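In the two complexes below, subunit A is the common chain; its partner is subunit B in one and subunit C in the other.
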Partner chain A sequence: MSDSTQMSSASVIEIQRLSRSFGDKRALHEVSLSIPRGGVFGLIGGNGAGKTTLIKHIMGMHYAQSGSVRVFGIDPVAHPVEVLGRIGYMSEERDVPNWMRVKEIMNYTQTFYPAWDTKYAEELREMFDLDPKQRIRNLSRGQAARVCLLLALAHRPELLVLDEPSSGLDPVVRRDILAAIVRTIADEGRTVIFSSHLLDEVERLADRIAMIHDGKIILHDRLDTIKESFHRFTLRFEQPFNEAPLILGTIERQGAGHEWTYFCRGDRDQLIQAARTLRAEIVQESLLSLDDIFVSNVTRS
Partner chain B sequence: MQIHIHAQDGVPIYLQVVQQIKYLVASGRLQAGEELPSIRVLAEQLLVNPNTIARAYRELEAAGVVEKRRTAGTFIADSGSPLARKERLKLLNDRVDQLLVEATQMGFELDDVLKLIQQRGLVLRQPKREE
Partner chain C sequence: MHTITAAMAWEYFARNRWTLLLFPFVANLMPIFVLGALSGYSVNFGSKEFIGIYLGFVLYTTAIIGIGVLMTQGSISRFYLKPLSTTTMVNFFFWGGGILVATEIACSIAIWNNLFDANWPIAGPVLFAIALWGSFQPLLRVPVKSISGIVTAGAIVAVVGYWFLSRHNELEGHGKNYWHNISSFDLLFAAVAISVGYGLTLWRVRWDRSGRQLTTLTDRIEETLERWLSQYFTLSHTFSSPLRAHRWFDFQTRTFMLPLVCLLFLGAIWIIALGMAAYHQDHKIGIEVIFACTNITAVAQLIIAFIIGMVMIQGYQWNSGRKMRGQDQVAMKPSEYRIGHYLHSLPISTTHMARAILQSAAWSIGASAVMMSLSLGLLWAWISLTNFNMHTLIKPEIKFWQLAIISVSFYVLLPFALMNNIATFTLVVNRHVWLPPFIIGTVVLFAVWPLFVGIVLVAAVLGLLIYCTNQCLKRKDVTPLATSAIWCSGAIASIALALSFRPEDLGIASVIAALLGTLTILPFFSLPLALRYHRTT
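Right after this comes the complex of A and B.
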């Protein structure tokens, strides 16, 4: 990224050429990522693309087989206490000891975090309508997710890491989670990293995104920049074609005869200029959702 | 203030907020002097990044639709501004275009439509009488 070098001092996370295999299965390949402080970073990818493996490296749960991972400039495997005390984490499995009661898990978790805010924890518990005497195993899926969210938020972490936070949850609980992300970054300087396959959520919340596919980062930039660099044009040519002419930056083209739709990556003005050179009229131009961009990038790579 | 975000239709979210607030102002559902929710409140309500709302408010301010007051609130600007008129005209243009397309499809000429508009105008100005 153009700004990654100058941002590196302000980066919360700095990953360089990280590779990881499990047996002969390659999970991450030469992943480099720099995540600046402040804002929301969305990690996008399909099932098994490597999102969770990447997040587990950030949390120091996997050591780097090759390459390096730094969180707040520190190696999370060598110094877990310094790193994890500043992170609020919600895993995809949302695993908490299910024999504990809500109040017990709150007290237990508090002992790990010097910055735990008892008053705030109580506020969250009331807001999420959690009964302190309930055992975790008797909670609904949504209520259990709220417990995990509470535990991740109550020490007001500098960095909130959420792995597929809303997968399998109903819209009401999803709303709580997304609202918690909004509140977290509304407080100056805090950073959220969340992975999701729900691109609608990512599009709403992320400042920056990385797309991961087959263990590789295939796209990584500001969301605005990404959205501005993909275009879909329908062109009408003077003469019919069996195969439409190629335009620089074309990812895909479909159509027949006079009218062809191009899916391109590049500067809009240049694409328009290229169409003019081919004496084609632009009959339609449409914007692309993150979904469209993701699908085209994944099918191409 | 009712704003609906559709993250999937490709239109950038800040632009959806800008367009819908402009629409609410042009259609009179937001009045001059009305206060808009704070960035944080609207972000939480719509579940979008606060930076996106901030960008939308900046664009609306640059376009003269809203104004920031010293007390940190954002308010709808005086609707007499030329921009508000421009937005209202744009709304009306869309309706006129629709009308003309339908008229053409039904085989009417532009002159027929003009005559009809004048006639209807007269009818509407005599409110008490049956058509």
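Right after this comes the complex of A and C.
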């Protein structure tokens, strides 16, 4: 078995030390990422963090200035047809030709995908409540987003790439339809990658996440593993502090005098032991939300 | 910034640094090449042929410069949410654009005059350009996307165009002259066109800014027609291959404009010519109008070919590296991305995409060529039936069929070369800022040493062609057999074009004709490379 085949069976996407600059702006720096087959992968980061640039490398729309990108074990820049034929892609811009009618764009797009499922496409169209005779330019932003989602899904892709899919979709579609589709695809053993600002959505859908900030991956693991490794402790010390002492795995400290709240990363028992060593009483203890994890990591970066 | 106008002017010039140079450059390209090619011969600028050439140049330059200023100005609606009065906005777009158009045209003709001692009038074309600019503003500032828009645009072109051509006695077919003296009527005509245009633009922008829509009777008819047509003409079939699908897409999006404009022009010309012949009961007038206006149709074809080439930016463009820098990334609106993401995410090879684009161009130009041939054939039939002495139109040593074959060959080759090379150029150019100044330098040198620079250009284009062919063969974009066929066709076309001139006229004109042949086959090899380069930024 060749190397590429071995790689493709283990992971859908393999990115090694990928760097990319636009002029003097560094968009990605030494990014390494492996996304396993199956499941939902969430890519989270702020504006300009590098999420879309990373997705475009996966789609073969940017060549790797240094490092390498393999999708299904194939270089997407050198072999776009082989890679793109197996991907369903919904861009952030929803930039489909707006002069076409819904039915026309379905027929046109179908030509490019041998695996296009006409029956499924019709089901999606009805589910999304799209009039086949409507021109896309006459659709609302939300309806246009549904058209894009339909086009990305109708050939039952092995890999679904959604760049900010929630943008433009109303809450009903976002919660009920998008979530259901994403879960169905993942349950069928296919892979979904989606980028989002909406961390509650990522928390609800993703199995694994990568947090990207300033072109670097600052966190990458299974979501539950990440959530279990971040803790918030409120400690009461015997004596007041102007600046609370550091304990193992501290990301951020907030408070004054006797009572301080710590955001920590690490094993819970070890963190509790470290707190006791400082003769501090644990007043409150909780896991961090993804939102808190994101903010604390980005702030620290 | 001290004033709002200064801030808007700064934004305009800062945003369009290179594009502002590109359009006047393209507008001057053809006149400088043609005049440069003819500079080695003893030419009579006062002859009716040269007045015709001059008119063609003025119309072409006005259109390209006008389109350039419009495109660089962008949509007025982006200022709607700024605390600006509508009058300030309209003044900036209307008068600012008008001054720019007038200046660029005056400078262009002054350059031709200086380089080639043409002594062509400047004031007339400038007045015409301002009047045309002003009359079109109500339609363009708040775009009319309906049949009524096309009808109104046609009416404006007919009225202002007739005024301009009649100043040169162009439509009377005899006694052509340059427009040196601007009469009071001309000034009044221009003033009325500009005033009406300004008032209507202000009114339309006010309506649009306040969210009101102007629905005309034709809009309602079109809406009804659209609803009715959608019952029967929604695309229901699928395509047998991605190449065919993309060819259909490219034709629908870009290249259909060429045969459509050709059909509208020729249809209008024939109706006017037949009407004039019937009114005056004189076949001569009708025949002369068609003969003169066929050349104007050819110029219109070139302008449309240029626009189609530029549409490549609009349609296929997407976030190239340059636009990703700094604030641009955040500031860009989704509409500015056009459909690049969708197109480039489709699993179609770049080779097939390039082939589809070239085939769509060939279809549209083929359809136009058939219409042109048909028009010339009908003209020949009319001439034969009425025993009209055609030597009043063309020189005795040239036969009508020879002229028709040469004309149609140029109608085919010139738009094809222009359309596809502009498209290729625009896909690559924004990553190589040294290209525009390099080409501008070449054109300036051509005006001084036409034969030497002409030969260097042929050599350079040939070198580029060899490089692109080699790359395409390596990447298997074309088969060796297809490459041989394309090269043979190009060689035959180049030699035939070069030899189409009389032996005593062989020289720079032949070199330019050979260059046209080479440029016609260049896109077969350069477009796949440019698309690939563009697709994987």
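Just so it is clear, the second predicted complex is superposed on the first by the 282 of 301 C-alpha atoms of A that agree within 3 Å, B and C clash if a C-alpha of one lies under 4 Å from a C-alpha of the other, contacts with A are read in each partner's own complex, and residues count from 1 in each chain.
What we mean here is this: a contact is a pair of C-beta atoms (placed from the backbone, for glycine too) under 8 Å apart; a residue touches a chain by one contact, two chains touch by 3 or more.
Fair warning: this is a prediction, and the values are worked out from it, not measured in the lab.
The larger set of touched subunit A residues comes from C, when the choice is between subunit B and subunit C. Once chain A of one complex is fitted onto chain A of the other, the partner contacts of A:T111 are limited to subunit C, with no touch recorded for subunit B. Using the contact criterion defined above for the overlaid structures, shared-chain residue A:I185 touches subunit B, although it does not reach subunit C. When the two structures are aligned on the shared chain, A:P132 is found in touch with subunit C, with no touch to subunit B. Once the two complexes are overlaid on the shared chain, A:A145 sits clear of subunit B and of subunit C alike.
By the document's definition of touching, neither partner reaches A:L169: not subunit B, not subunit C. Once chain A of one complex is fitted onto chain A of the other, the partner contacts of A:K227 are limited to subunit B, with no touch recorded for subunit C. Once the two complexes are laid over each other on the shared chain, residue contacts for A:L287 go to subunit B alone; subunit C is not touched.
After overlaying the two complexes on the shared chain, residue contacts for A:L160 are found with neither subunit B nor subunit C. Contact with subunit C, but none with subunit B, is seen for A:W99 once the two complexes are overlaid on the shared chain. The part of subunit B that touches subunit A in the complex is made up of residues 5, 7-13, 39-40, 43-44, 46-51. In the complex of the two chains, the subunit A residues touching subunit B come out as 39-40, 175, 178-179, 182-183, 185-186, 199-201, 203-207, 224, 227, 286-292. On the subunit A side of its complex with subunit C, the touching residues are 22-25, 27, 47-48, 53, 56, 59-63, 77, 80-85, 87, 89, 91-97, 99-101, 103-104, 107-113, 132-133.
Residues of subunit C that touch subunit A in their complex: 230-231, 234-242, 244-245, 248-249, 252-253, 318, 321-322, 324-326, 329-330, 334, 337-342, 344-350, 535-537.
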